[in-house]
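Heads up, there are several structures right after this.
One chain, chain A, appears in both complexes that follow, with chain B as partner in the first and chain C in the second.
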Partner chain A sequence: MSVMTAFVRAALTLVGLTVGVYLIEVLEGLLTLGQRNWRAVLRLPLARAGQLLRQPDRPPAHADTFLYQSAPFIAVITVGLAALVIPLGPGLIGFDSSVGLFYFIVLLSPFVIAQMNAGWSQNGVVGVLGTFRAAAHLISYEVPLGFAAIGAPMAAASLATGKIVAAQAHLWYVVWQPLGVVIYLVAALFPAFRHPFDGAYAGSELEGGVLAAYGGARLLLLRWALDGIFLLLMALGVVLFFGGWQGPLLPPPVWFAFKTLALAAVVLALSRRVPRLRHDQMLSLAWKILVPASLVNIAIVGVLALFVFGGGA
Partner chain B sequence: MSGIIEWLIFGMLALIAVITAAGMLVTMSMYRAGLALMASFVALAGIFILLDADLLAMIQIMMNVGGMLIMILVMVMLMMDPGGQMMWDMKRSMHIRGLGAFSMTMPRGHHEATTDAPMPMDDHMHMPHGEQEATEEGADTPGMQHGGMDLRDGQQAKGAMKMSGMNAQQHYQMLVSMAMTTAQLPWALVVGAATAVALILLVVVTPWHLAGTAPSGDAAAIVGNLLLGRYMVGFEGAAFLIVAGIAGAVLLARREGSPPSYAQSLQAPTPAAQIAQPTAAKPMYTCPMHSEVQQDHPGKCPICGMDLVPQPPQRMGDMGGEQ
Partner chain C sequence: MGAHDLAALAGQQPLVMLVAAPRHADCLLVYEPLNAAFAPAAAELARGLPEGAPVILYRPPDLPALTDETPGATVFPHARRITACTAAALQAAYAQGRSDALPVAAAFPSLRADLVDLPQEHELATEFTVFSLGPAQPFTAGPARFWLICDGEQVVQCRPVMGYAARGIAGQMHGMAWAAAAELAAWYDPLAPVASRLAFVQAVEHLQGITPNAASQGIREQALAVERAHNALWWSVRFLRLLALEPLARRAAQLAMALDAVLAGWTPEPIAAWLAPQRPAPVTTPPDLASLARAVRDLAATVRRDRWLHLRTVGIGQINGAILHSAGVTGSALTASTSGAGDIQARLVARLTMAATTLTALAELAAAPQTTPTVAGRQKDQQADWYVPAGTATGAVAGPRGTLAVDVTSDGGIHPAHVAWHAPSAALLSLVPALLAGQKVADAEMILASLDLVTAEVDG
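Take a look at the complex of A and B:
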């Protein structure tokens, strides 16, 4: 792969992610403002972005300037790197690693670390509280998310995301791994800091928490990364359980985009109905319910994959 | 062409790994130190990727980012000054030179030869500048217990001495205890550099057996087959040990198994308290609102009608005051 191709791929990834982020914002706007206001909803993300771009961005007094300034970029770079292993179609993948799924899940931790840096570097109370809560998120999501996601590679006998999709040609894994899907989708909201688990931001309580002192373009980057990681987690959910790009008639990338947005819409709509969970409740949920449930899921999937669905390799 | 790029990437990653490792040593902020260590390990993971060992690289990132995170959390919770702001301010106000937390030069005063006792504050405060300068020159005698420190910077010490009112030895001890300076640092640097040179020489000189085959594509599959095939016993044994460790940790962390907490120790009467107050074993009942109401059986308060609650036994500290 020449250097030019790498640059083109990186640029395409960022453009695609930006479009996806815009669509996520639109989805959220539709759920918040209602479908009647769709014109406003379509304009709102762009207006917000334009407003943030015109805003000055000054670090607060006594901030850890290096961490403060670098945190949004770490978050964005992590999201961009994680996007590389999502297959949009057969062969349409940024980086076809043999350990693609593992690569994605590993890259989630630097993303959360970037959020922690953003909160810590502000030298403010709400930011540091946000940092601690983000750390609680990192401790919560890693095990259940990994254990839930592992059902798919167990059945497909590969960690490569493209092969996992190809193995679902006949039957999507959601059909016989429903428990894994539920655990995955709940745990995916932790590192994405989405609504019931957004304690690190907690608009009404922490005044933005991690994002409190940010403004201007850096805030835009952090918001972009937050929406981007949510989009990617939904896309990975489609890859793992909903057959990825596969579907009749339409070209594969269209199917993939449609499935991802549909899954995101369902998750966003359902998660709005739950009140925000405190960080200790979140930790209890993760360790006392999701982890044992995901172990049960692994056992069920193992038996099914071995005896019912013929096993992998 | 691609060979040059590989060398460039390798050099960049190696530089990042070394610089961040050094940054971990010299920074004053615990948080930054943990992050620097994390960055160093991530740069090493990049080198693994360069060697086509992507599985190893991912494991490296996952284990170290998580591990360092826990380390940072523990340090932030336990340390007095995890961000390093206080130490940094102190260092600046004392005019101690050097990188970050570890200053190469020990601040040096002018009374270390004469006495170990702390000097009165007024002496320092009111000493004319020139006189201090002169005394300092005179006191700079060899044979002090400085263990090979560099004693160049007399100027910087004066600000500190004026502020603190300690003699040099005490001042040094204070700085060491705050990890702002250490006499052993130059030696540590020399030993570290020598070790690094020796290791590099060892790597260069050793006649390595090169496999000559290209690395295989799907490392995860091979490792998985090996773990559940040839190394099954060791793998399962390790898993069993880890489960035993987790169970043991849970057992230790349980309230029943652990030594009584501070709150419990206040509640439960100690043997000493029982000897001193034989009646302490028998609970007294009192009204939450009217402490003068006391009786030895539960009931209602005659004043307000509330349920009486057991009165906590008297604390050791209170009794000590009475005796």
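Take a look at the complex of A and C:
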């Protein structure tokens, strides 16, 4: 791949992600403010971005300058790299790796670590508490998310995201892996720091937690990355369980975008009905419920893949 | 009043929302009065704003001048002032553009760094974190600071610091004429002006040896009941938002605003005009609140049945009814412990149930025949009598947070000789250190919010 091709792909990925992030903000706005305020909802993300871009960046006193300044960029770069393995259509993929799913899940860790850096670098109590809560996220999501996602490659006999989608040509995995879908979607909210697992940001209690000291363009980058990783996790959910780009009549990328946004809307709407969980409750949920359930899911998927679908659905 | 206004503001307009950190705000709304203790904290908050973000001042129009007040304009000389606390006024003030001047007066001192002594047995420990909740925070109505000494996320000790909302109301009443003192009494609990004023008026009537007739007393009780329901609903909005249960918070806000709309034209004259000694209440027809009462009851049932809320809050902030009783706590907080589990969810359910019951009772009253209210045979148009014989009497009413009482001493002169208030929030506040010790930081805010503390009541 030439340098120019790589550059164009990176630029397209960032533009696509930015459009997706805008749509996630619009979805959240519609859920919060209601449909009758749709005009304001469409304008708000742009107004907020413009407002933040006009603000000068002012690091807190005694901040760890390198960590403070680099954390938003680490988060954004991680999101951009993770987006490369999401297939929007047949052959429409930034990086068609044979271990695409593994690559994606590994990249979630630096994203969470970027959030921890953001909190730690502020040299303040709320930032440190936010950092520790982010660390609790890191050890909460990895195992259940990985175990829930593994059902799809077990059935498709491949870790390549494109092949996982192609293997669902006749039957989406959501039909016979419903437990895996539920576990995946719950665990996906952890690394995205979405409600009800947003303790690291924690509203008024931690005054914004890891984001408390950030303002201006860096805050915009961090918020972009948070929405971006959520969008990607929903997109990966579509790849793993909902047949990816596949659908009648419409072009594959349109189907893919539609399914991703629909899944994001459902998850956002359902998650709003649950109060914010405490970090220890989050850990209990992850290790006492999601991990055992994901092991059960692996066993069920293994039996079905081997005996019902003949070693690969 | 500020707490309800802010809760309403955030739900009125999509462009107005509350943020947790000053760095994330587009403007700072300062709700006066400020006192000498809180002004430095408010100034520090303004210094944390992004550059160009304006400070906007609001002072309730009927708030009398207070002796212990620090004028907002001296702290924020370039602040914009709004005359109504509405989203439109706020937006208009914000739309004047960036504020290039420094938000705080140059001569105004920086906030002194508070040093907190660790508990003696832990003074050599290095792993403790001292964490300040407040003083500007959303979980009490009005400013208060709670120092949390934490071992990780575990609260080892809590030290409340009050005084940020002190206005010297009782002291100021001593030197005022009786009628002016009654005006000021209404500001004792700004969220419950009817309860505050009625307690004072009752004490005065006791000194005068007067008892209002049943109809007049009934209308006073209705006004009190409405205030209790109103407070419970707006408190639910604030509390549910803190729990991050946005759909339920939005429903509660709709009901609170519906109650505001129904009550807008309830009495032909403002309550302050007829809530005076020996002044009969006006003839009113209670508003039709039947459908609103049903909706509030449904909301209470939804909260009671919410399994997620139960799992999140079960056993958190639990207080034994006997402890509450011995501390002198009354009202819904006590009901939640005597009739329920006494935890966060129980307090929420108890307050919503109280609001629903109150509204149902008012709706039933609407159907009953009305009688003419009199006080000691006096008719509606007669003026209040402010001659108060010497003596001491207590007025006590069932306010939104429990029994609000005031002791009034008269020497037969033109102003009260002594006034002492007994606030329900003060009784609850005394339990906070024991309640928070051993809890998690993530729960501290919820527990405090569930108690519905009004700092103005405590500070006076």
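The working rule: the second predicted complex is superposed on the first by the 312 of 313 C-alpha atoms of A that agree within 3 Å, B and C clash if a C-alpha of one lies under 4 Å from a C-alpha of the other, contacts with A are read in each partner's own complex, and residues count from 1 in each chain.
Throughout what follows, a residue touches a chain if its C-beta (ideal position, glycine included) is under 8 Å from a C-beta of that chain, and two chains touch if they have at least 3 such contacts.
Remember, predicted model here, so these are calculated numbers, not experimental data.
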First, second, both or neither for A:158, with chain B first and chain C second: first
Contacts of A:69 with chain B and chain C, given as first, second, both or neither: neither
Touching partner for A:18 - first (chain B), second (chain C), both, neither: neither
Which of chain B and chain C A:277 touches, first, second, both or neither: second
Comparison of chain B and chain C by chain A residues contacted: C
Touching both chain B and chain C, residues of chain A: 132
Touching residues (chain side chain A, partner chain B) in the complex: 3, 62, 64, 67, 97-99, 102-103, 105-107, 109-110, 113, 116-117, 120, 123, 132, 135, 138, 142, 157-160, 313
Residue numbers on chain C that touch chain A, as the complex places them: 14-15, 19-21, 23-24, 26, 50-52, 129-133, 137-139, 152-153, 242-247, 308-309, 311-313, 440-445
Contacting residues of chain A [partner chain C, same complex]: 29, 31-33, 37, 40-41, 44, 51, 54-56, 58, 125-126, 128-129, 132, 195-196, 198-199, 202-208, 211-216, 219, 272-281
Touch list for chain B against partner chain A, complex: 5, 29, 31-32, 35, 38, 42, 54-55, 58, 61-62, 65-66, 69, 73, 83, 85, 217-221
